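Which chain is which? They are A, B, C and D, in the order written, and residues in each are numbered from 1.
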Amino acid sequence: MTDVTRSRTTSIGHSTVDSIEVCGYDLTGELMGEVDFAAVFFLLVSGRIPGKGEVRLFNAILVALADHGLTPSALAARLTYTGAPEAVQGAVAAGLLGGGSVFLGVFEDAGRMLRAQSPTEDSDLDVLADRIVADHRGHRLPGLGHPTHVNGDPRTARLVQIAEEEGLLGPHTRLMLRVQARSGKPLPLNAGGASGALLCDLGIDSTALRGIALVARSAGLVGHLVEESRAPLGRWLWDTAERETTYTPPD
Amino acid sequence: MTDVTRSRTTSIGHSTVDSIEVCGYDLTGELMGEVDFAAVFFLLVSGRIPGKGEVRLFNAILVALADHGLTPSALAARLTYTGAPEAVQGAVAAGLLGGGSVFLGVFEDAGRMLRAQSPTEDSDLDVLADRIVADHRGHRLPGLGHPTHVNGDPRTARLVQIAEEEGLLGPHTRLMLRVQARSGKPLPLNAGGASGALLCDLGIDSTALRGIALVARSAGLVGHLVEESRAPLGRWLWDTAERETTYTPPD
Amino acid sequence: MTDVTRSRTTSIGHSTVDSIEVCGYDLTGELMGEVDFAAVFFLLVSGRIPGKGEVRLFNAILVALADHGLTPSALAARLTYTGAPEAVQGAVAAGLLGGGSVFLGVFEDAGRMLRAQSPTEDSDLDVLADRIVADHRGHRLPGLGHPTHVNGDPRTARLVQIAEEEGLLGPHTRLMLRVQARSGKPLPLNAGGASGALLCDLGIDSTALRGIALVARSAGLVGHLVEESRAPLGRWLWDTAERETTYTPPD
Amino acid sequence: MTDVTRSRTTSIGHSTVDSIEVCGYDLTGELMGEVDFAAVFFLLVSGRIPGKGEVRLFNAILVALADHGLTPSALAARLTYTGAPEAVQGAVAAGLLGGGSVFLGVFEDAGRMLRAQSPTEDSDLDVLADRIVADHRGHRLPGLGHPTHVNGDPRTARLVQIAEEEGLLGPHTRLMLRVQARSGKPLPLNAGGASGALLCDLGIDSTALRGIALVARSAGLVGHLVEESRAPLGRWLWDTAERETTYTPPD
């Protein structure tokens, strides 16, 4: 009974004939023109407006994740646009659908790994880090390693620097850095792992972590599609795939 | 030949082992921590970093469009999450796929209608507005009317106010307002029409208009999905649909 | 009031604790093991079980459209699988999203063009064909031309042959053939145009035409994904795109 | 090197100017009009044309899974159509995106559970079944239980009957039935579990299992969308969701 009642409540938004409310704020009077889009996105996933330092850090995370060049996601979006230029929503959706375990799983995996240790300001982070490293013996440690940035992901250093400047380098991120240092491997902490840890410190729900990366990425995808409409790569990719592969009937 | 060369160029982004560039800017040194996510999104679709007033207005547009409560898009995202909670990207994509002609077409339609008149600071906007109204005799004027906000969309007034404050109320938006005033109908200018016009004044490509609405909406969708994970509506909607409809075999 | 009542009726399917009905038929007793999948799909879109010849022709159309090799759709599906192999539904969806105006619009366009003339057994098809050709002067005639099969789409000849064998070469298809013959252009009738016309003759709703192509294509996409899981092309495409394009900052 | 070569080979299909080949067969001469769509789909996922009994069973599985009434998938497709009726591919894609762990995971989970025991004609299936039941103590057994068909899924009985008639009731399905019988629970074997087991016996790759359910479901979704275009439920669902939920600002 209680459950039914709960399941029919929403805190996201509501309109009347002359007003719109988003998460308890008056959209036109308190949000538009007053706070930026990242702050409203933070509000939508956490129920509160972030502080000034939090907004700067959250923006930096979104900016860090917005684009990665001609990734499989960007290519899928461009190829979809080739067939359906009138339905841009389909091309953006196709690009987001590649945001699964391989590229975006790291946020959630890192977040869950860190939250499982419940690190606080008073934790002995070396002990927790050693426990994590031991638990992952023989398995990949989420958040470590990058195919291109083998000597260190430049976004990680910058994110940590901004978090320090804003006094937001919390126990999850410090634990993540400790895990990297004590992993016994030369793998750098990547931007996904750093972002996942920082979002935990910001109090963001684990369910939201992948979604935050998706919103950031959607901006990059729209950029690729605007470019595709002017300087298309889709048909060249199609031709290349057909020309450079060999058809062999099944055995 | 020239075409082939052009089609193999991208201006969106590029990585080397120790740096990442986005649209000509150094990601970590010039964007992260320096400008907000909306400014980088503006850069991705237009190739330039917006000015301070432009960022404020662009943020206000994104904020205005981020959420609209339990719309068909939000419901589709929540129902998709019901079946595939492990693939949040699918639920976000499902929500975006409803962003077609009915709800998001207005941006492009309004933008194209206004751009077809090439309004400038020197145009006689009354003449252009009368021409648009005459051309649409018997047809719906894009950007006018709202099912809920029948006396005026509160977001429109606020957007126009912010544009005025920032000196960004350009000829496309003034033409759009003139069209509304001279339409001979009591229909208010809605937020979609106002946003489309303001984005034209900001010099945003028509191809990008729907994409900008999609990025804004993706933030709202992630908010709905975080809520769905805690206070689900999906199964209640399913039960309701089954209970309140009647099955009748085809004739 | 009447409208509300109508909008709450479904004729697709219904379950009770011990039975399942699909479009008026008992699923386990009358459909499973009795008729093939294509017949049930025909039932779902038209409300009736097709006759034996109709099923053979409908199967031939679905088979003709199932796969086209490494098309943009197949590549988008494979690239999506690269990032989210655990969510096959996302990769299939990404592949379908390219099924828009450029590749699948032809079905609807051809269907609508033919239906607008209401051809019957008694129509003077030459007159109707000339009218269609005249109406499209300066525009592309839907259903004509193919980038690869420039001398004739082999599927078209076979579809027409099967329709003749089954006595199902109706006025829409004969009109379509007449349009091709009288178009004054050397463009062959492609499989999309032929299928669209044949589906009109089978009495299929215009709304269903693109959907039929999508179901056929989904089978090909699943084939590509099974192959991608064993012999991946996704990362090679990614590498190729990055290697063969040049990054140039925006002007 | 070998890997690169392998990764640039496809066995799915190939076109020349006057012929089209699908998995080693001439499309127009050997497939269209000769075998049905289900047989070609089987070919696409397995590399071989199925025998007559296999086609009948495979068709029965596809028919069993094609539609389930107003499920979350069907509702998501209809709600997407409400906003983007011009992009049917988006509505079908949205419907498929709900095909994740909750509803379609059962195919793969059941298939993997059975294949892990490598059952053959000579296996002692009781021993293997007991091992499976023991391994799942305290966990849900994939393939058992159905929210509506609590006394037995009528599709399961019919699928098993058809498999028996065609001499295709192999060790995976017999093991699955034994698991149900020895589970110590009153939960019936559902159609998903039965289909997964039967597809294993047919030699279908585990990667293909969810894909087969998706193709079947796409037919049902197109049926729902044709109906939605004539007798819409989307706006009624929207109204219902807004009317029957309460907005409460976040704490």
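Following the convention adopted for this analysis, contacts are C-beta pairs under 8 Å (C-beta built on N, C-alpha and C of every residue); 3 or more make two chains touch, one makes a residue touch a chain.
Since the structure is predicted, the reported quantities are computational estimates derived from the model, not experimental observations.
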Problem set entry | If a chain touches subunit C and subunit D alike, it appears here | A, B
Problem set entry | Furthest chain, CA centroid comparison against subunit C | A
Exercise. Between subunit A and subunit C, what's the gap in Å when you average each chain's C-alpha atoms?
Worked result: 37
Exercise. In whole angstrom, how far does the Cα centroid of subunit A sit from the Cα centroid of subunit D?
Worked result: 31
Problem set entry | Residue numbers of subunit D (touch at least two other chains) | 8-11, 13-14, 23, 69-70, 84, 86-87, 89-90, 93-94, 97-100, 104, 233, 235, 244-245, 247
Problem set entry | Residue ranges of subunit D in contact with subunit A within the complex | 8-11, 13-14, 21, 23-24, 47-48, 84, 86-87, 89-90, 93, 97, 244-251
Problem set entry | subunit B residues within the subunit D interface of the complex | 69-73, 75-76, 79-80, 82-87, 90-91, 93-94, 97-104, 233-235, 237-238, 240-242, 244-245, 247
Exercise. If you look only at subunit D, which of its residues touch subunit C in the complex?
Worked result: 4, 6-20, 22-23, 27-29, 31-33, 35-38, 40-41, 44-45, 55-56, 59-60, 62-64, 66-70, 74, 87-90, 92-94, 96-100, 104, 148-152, 154-155, 157-159, 161-162, 165, 205, 207-208, 210-212, 214-216, 218-227, 229, 231-233, 235-236
